[in-house]
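Per-chain numbering from 1; labels A, B, C, D and E assigned in written order.
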Amino acid sequence: MTPDTQSRFARFWDSDIIWSFRHSPVAIVAGLVVVLIALAAIFAPWLAPTNPYDPSQLNLMDGFTPPMEPNAFTGNSYILGTDNQGRDVLSTILYGTRISLFVGISAVLFAMVLGITAGLIAGYRGGWVDGVLMRIADVQLSFPSILIALLIFGVARGLIPPAYRETMAIWVLIVAIGLSDWVQFARVVRGATMVEKSKEYVQAARVVGAHPVKILIRHILPNVMGPVLVIATIGLALAIIAEATLSFLGVGVPPTQPSLGTLIRIGQQYLFSGEWWILLFPSIALLALALSVNLLGDWLRDALNPRLR
Amino acid sequence: MLAFILRRVLQSLVVMLVVALVSFALFRYVGDPISTMMGQEATIADREALRERLGLNDPFVVQFFNFVTRAMQGDFGISYRLQQPVMELILSRLPATLELALVSGVLAFVFGVGFGVYTALNRRGWLSSTVMSVSLIGVSLPTFLIGVLLIWLFAVELQWLPSFGRGEVVDIGDWWSTGFLTSTGRASLILPAITLGLYQMTLIMRLVRAEMLEVLRTDYIKFARARGLSNRAIHFGHALKNTMVPVITITGLQLGAIIAFAIITETVFQWPGVGALFINSVRFVDVPVMAAYLMLIAVIFVVINLIVDLLYYAVDPRLRVDRAGTGH
Amino acid sequence: MTGGNMQKPLLTVRDLVVEFPTRRGNLRALDQVSFDIAPGEVLGMVGESGAGKSLTGAAIIGLLEPPGRIAGGEIWLRDERIDNLPPEAMRRIRGRRIGMVFQDPLTSLNPLYTVAQQLIQTIRTHMDVSEGEARRRAVGLLDRVGIPAAARRIDDYPHHFSGGMRQRVVIALALAAEPELVIADEPTTALDVSVQAQIIDVLKEICAERGASVMLITHDMGVIAETADRVAVLYAGRVAEIGPVREVIQHARHPYTRGLMGAIPTLEQTSDRLVQIPGAMPRLNAIPTGCAFNPRCAHVFDRCRAERPFLQQAAPNHHVACWLTEEGGA
Amino acid sequence: LGLSLAAASAETIRWARVGDALTLDPHSQNEGPTHTLAHHIYETLVGRATDGSLTPRLATEWGIHPDDSTVWVFKLREGVTFHDGSALTADDVVFSLNRARGETSDMKGLHAGVVEVTAPDSMTVHIKTEGPAPLYVQNLTNTFIMSKAWAEANDAAEAQDFAAGEENFAVRNANGTGPYTLVERDPEVRTVLQAYEGHWDDAPEVTEIIYTPIAEAATRVAALLSGEVDIVQDVPVQDIARLEQTDAIKVEFGPENRTIFFAYDMGSEKLQSANVDDNPFANPLVREAMHLAVDRDAIRQVVMRGQSLPTGVTMPPFVNGWTEELDAYSAPDVERAVELMAEAGYADGFSVDLHTPNDRYLNDEAISQALVGMLSRIGIKVNLVSQTRSMHFPEIQNRTTDFYLLGWGVPTFDSQYVFDFLVHSTEGARGGWNGSRYSNPEVDALIQAMATETDLDARNEMIAQVWAQLQEDRVFLPIHNQTLAYAMRDGINLPVHPENQPSMADVTFD
Amino acid sequence: MTSLVQVEGLTRRFDISKPWLNRVLERESRQFLTANADVSFEIKKGETFALVGESGSGKSTIAKMIVGLLAPSAGHIRFDGQDMDFASGANMRALRRRFQMIFQDPFASLNPRWRVRDIVAEPIVTFGLLQGDEITREVDRLLEVVGLSAADAAKFPHEFSGGQRQRIAIARALSSKPEFIVCDEPTSALDVSVQAQILNLMRDLQDEFGLTYLLISHDLSVVRHMANRIGVLYLGRLVEVADAKRLFLEPQHPYTRMLLDAVPDLALSGRRRKPVLGEIPNPIDPPSGCAFHPRCPLAQDICKAETPQPSVTPTGQAACHFAGKIGDTP
């Protein structure tokens, strides 16, 4: 088969990156786990036996039902048991993963957009623009991420009218986590941009008078995406964990709509009291998710690095 | 050199001013300090009076200006919560945090570099893959959970190590109290240091591995091999030293992050450091402590940045001539 | 094969095969390469980019990068077979008996160590001398390669030197343990034209002085013409032609060599067009059967497409891998 | 034999609770843990026994002046000395009470009606109030007596002033008359107390106290399980069962002086967060429906793990005015509640925000969450706004919440305290916590009258009247009274104190 | 022949000062690197004008200024009689279309994420020369002009060899139908055999489209082969401009002579090449007077003191105090 007659898909399938994926058992397993978890999260409303976010479906008396055992009062039984509010742990994990994934992905996207824009501009323009942007990044860095998130959360609480708080909470969380993460992207993109901009293909575009914005977006951006993708995957795992950590500090999604992290925080309180399932199952879910995403990031880093092949 | 340090200091001042400004802009939304400063019997008039006296009704710019002028004289005010001078309070907590950060930083660095080098040199070995994957578990669970699990295992079930606090401490001079000198102090450090260091260790390990792999491909390593130098000399003399330049930066910045991340660890282990102090202050809207803590973090970052740059200077002779000005 | 020079060769390479197992199959980057180098001789090795020049050097010194591996053939250094030595034994040969100079002096030196540190470390790795003695030798070496005020400059870091100076340092390093053979992989390509001559001169002189043989890898025919005693022309991982320099340049037998010679613009003669070999060197995964050069060759005939030509003597000491030789020349 | 042994051996108690005392200055923070520690070092004129009754401490006798109903008379105990050896005199008491009334004191709210404090002789103190104040003595259980000479010598004659920018000497140093002296104080880390040999009372069995706050619940429990502490206060309810089962650990229970309840804005025209244009909480039918929707027993069973006393009234049983009838609560009846909602015109329900703290009371957030579920069954869609206390309480004080959870303790053990703060219309010093915006002139008049009524029977009648009205109007949605649990090593006996102010001096060993 | 490009007094300084605070503290003044000083020359329609010089002599800087990648610090560039002012938009657009550039590194000059079709079409699209299907057809045609096939348009650059990539770069340069092409070392990254292909292609295109070239190279033999006239740069200054053929026979400037002597001799004529003496001085702090004097065998006192001005020589111009008098020195 000559390259010309190969179908798009065949070429994709045959591309180095996919090939490297197909030959890395770790990546395949991790990818599979991520896909499974993502699908489970996306289809949570159809898969989950109950809707744990609908308070009217909850029966408090179902609380603390152990897995696979009938509840002492109501007689209901749940595969993975229930938590302190009588929420089915399985359903809550499904719904919670949905939130955690959504927050994680959105936060990373937000950080990415912010970081890439700043990095591209700083790297391409150089001079004082670069100076100012990088100093801002310094200031940002001297605020540890959790602090930023805490403060942003506090501010948002103060600024957003109460009626919108519950719906906004998740967005605030996204902004908070995203804002503490953009510097990484900005720095990497800036560095890569400075390298790329001096490459001759960029100069060739400048010779014909292409607009700087077009050069940035069409020429440079695609060429700096490699390291960005790696940071993004690792960042996704971090963001998911960060969401959990924030919930430990008491800021985060509304308690009536627990995320995976919130569920773990709740479960953690029952570590000594014997209701192990509230902690164990969500932790496994989080571990599986974060670990797989990290492993994928690892693989991606190596796969994108031509020198390591 | 002097110019370089001066630049840094100037930059830092700007950074700190901005940090202070931003934090002040934010504090007003964190909550109302008055509500936690007065008992439930206090009347509305009482609350208003206190608010007025504390200057909380002043415009934010005025508050900020007052804070900066006082802070320049080293006066960060009195903690709303613990009623002690903030500076003293923070200084008395700093040794605990710094010792914890140091130990976990050293743990992270030693194991991170060790594993990083090992996994880079044996890229396809099963042990490397195992180390790489297992280390990821550390970053795939939230810190607080790891802390609680460690307590459960080592303090409650096995009863090997203390579950909270710093153990016996020994005062050294007026400003330092150390847990290094007593056996309980050392035992108390282990669990928090592991909890705090795990994440950093993973990070450093991956960084060292990646950098090391890069460096091992360079021409000068190839040339060193071609000269028949021993593997030891090549891996540890030539490769590792070159790997250290980026590793120093990240580790340096991570040290700052360690101090910040200590918030969680200190809360879980009731470690009497600045992180726990800060989180309590947030709950109580103890503005003076919060402001001072954030400034402290900014100072620490600035100092670490400076040290990192100086280390660069020591490690990389290329910078000694021409680098002076360029920040990173 | 017997050379005109009946001295026992210093290095003998026989049917060397280097392969890269890749996902798209086993790439044969060197295919039955054979040559030898006599003591004190300068062997030039030319060929297009990707012809396998560097790989030959790397294979000899035992530094093929994985997944590359020697898949066949033998390499002898005097009476010792060195292609299958254990790593530690090979390490002791590197630097001590075979020195190597790389193309880019800017990246060949570790930026974090002074020139003195790198030289002394190399000397003491291979020779049992004191630190002071090693330093004395190092200064002597630097002096020899033409670094002015060597005693003072030896404690400088590489970045304090200009490109040409660095390449001198690299040569000093390669020669530090007095090897019998120096492999120079494009030692001047990264340098300015005006400095190239200086470096080649230094390399040649100092090797001649010590009786070391040189394998000079380059794609610059001019350099070869001036420096080498014999030259080997590589094409697609195979030796196309090997012989005394004058012979090869003036009476090239292989059509490829001839094309190569014609393609070089010179100061002396000007024609309107340069001789142009059509097409490009095949990729390793698509080397044609028979003679690797057959699709580009003006004289191709059936046998070339079917059967691979091996080196045959065309003139004394001059071997060519081309069926035309057998037919009696073009 | 046992007795002498216990007294002879030095017993150290390692004691942990969630938070530390904020200060040692006895007048600058009116806050539970601060008072608890202060009770070990300082003493008050009168104390509170575990059954809620008053006990003599520095005052041996007290009463209203026979000639002047606006004057309270206190006779001081003889032979009391401060830790620095000086003897307690009436001057010290006068000084301390004035200090507690001072501008910078946080205790001043409890002494608002005091006009003058005098010492007719060295062992007698007169406190004159604006009008008759029959219950004033109840306000004195947390007002500590300092040494005048010590305070003045150390420039601590006034309570810590935050705005002063300087630390008051009394914040980290103490000189009280209490059973323990301060040995070491590292705020939020460790406080060490030693028994005071010169104390007037029997020597306590515990001779040394090491007090360490541990904020994390899990860590606190772990510390007890691993034997690193002897007594743990603030035991998480879910861990009680496990602790009880553990060998060598026991748990003591007791009711706490604190009622957890919900309140709603029933006075405004329109709610701030609701999706309807009127105020559903103003409708008695809605309030009734909400009462019927709540399953207090389920909350007790699941959320509180049985560790609470469900109640139908917003006061704990110790409080003067409490009766069993008031305390009774109706069984949940969701069907009836749904009917009432329809009757009230809210057949489709409405939505409203509920504010809850998440770090103030036992399982506060979980209780609110449970309520959300229960109300959703009768069509009220509740958005839960859960936040830290420093955000939550201002919402109530500033009236920016429609619906909130609050826990109320009654330090005076009298219903009037509840009425003053929670029920009276917001005017002057009264009604500061009346987030219900309940305003009933008759009730207001009764509350004002009972403040100065010296005839206790008449006064009790007034209290009953007010309660009856409040219950009828469904001003509050009470949930339960908190119970306290102290976990400790076997062999230690520490009774639960209703104000959660245990004294290590009361500890006995088996 | 009329002149197409005129360069007058072109100067470019780079500010390489340390940051302000360092300067204040270390009492240093601002530092400038003069990459080009007062360079004047003209290029006639249809000719190939070449610039040669050692690395760092400012060849690329001139090229970049001419195509507008860098702004000159002083001096003018006129294109077809019009002043080039890159700041003025509308006017420049029309001019821009008429010149193009080919870069040295065929690996870096093509965006690796773009298909060849898009790369070649970029100037067409940017200038809005054609629409829709016409673009595709034009790209296919261009690829065939440079010796590739239309089917290659759908591929990515990494699927091509270096020589093929340079052809793509040339196709891109041709796509806006320029009259003038600046070629900055177009073949120095390529093998001689491929170089020959590219040089031949450039020649053919020149004949076919009447192109004018500014050819930059450090390889005198390439320059000799391609150029009509040659300018020799040393440390940013034009030391000699001469007719190509005559420059090699009668170099007027000692530096030119030195460069010529350093070219390796492929013809094995027995001419020893003489390495250039010394190294290029630091451009930040160039020698006084004639910048070449420290390396010049003819240097006299006047050379240290006075900067020589270009003077007319039999072959063109040279900036040397002894211009024209060296022809007879061996």
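Please note the rule applied: contacts are C-beta pairs under 8 Å (C-beta built on N, C-alpha and C of every residue); 3 or more make two chains touch, one makes a residue touch a chain.
Keep in mind that this is a model prediction, so the values were computed, not measured.
In terms of the stated touch criterion, the partners common to chain B and chain D are A, listed by label. Among all pairs of chains, B-D has the largest number of C-beta pairs in contact. The centroid of the Cα atoms in chain C and the matching centroid in chain E are 32 Å apart.
Between the CA-based centres of chain C and chain D the separation comes to 90 Å, rounded to the whole angstrom. For the pair chain D and chain E, the distance between C-alpha centroids works out to 88 Å. The distance from the centre of chain A to the centre of chain E, with each centre set as the mean of the Cα atoms, comes to 50 Å.
Shown for chain B are the residues in touch with two or more other chains, namely 30-31, 148, 152, 156, 282.
Across the assembly, chain D contributes residues 218, 222, 225, 359, 388, 391 that each touch 2 or more other chains. For chain E, no residue reaches two or more other chains under the stated contact definition. Within the complex formed with chain E, the residues of chain C that make contact are 48-49, 162, 164-165, 192-198, 201, 219-223, 225-226, 245-246, 249-250, 259-268, 270, 272-277, 280-281. For chain D in complex with chain B, the touching residues are 22-23, 25, 28-31, 103, 106-110, 112, 160-168, 171-172, 186-190, 212-216, 218-220, 222-223, 225-228, 359, 388-391, 393-394, 397, 421, 426, 428-429, 432-433. Residues 2-4, 6-7, 10, 324-325 of chain B are the ones that touch chain E when the two sit in their complex.
Across the complex, chain E is touched by residues 3-4, 199-201, 203-210, 219, 222-223 of chain A. The touching residues of chain A, counted against chain D in their complex, run 54-56, 58-61, 63-64, 73, 84-86, 157, 162-163, 165-166, 250, 254-256, 268-275.
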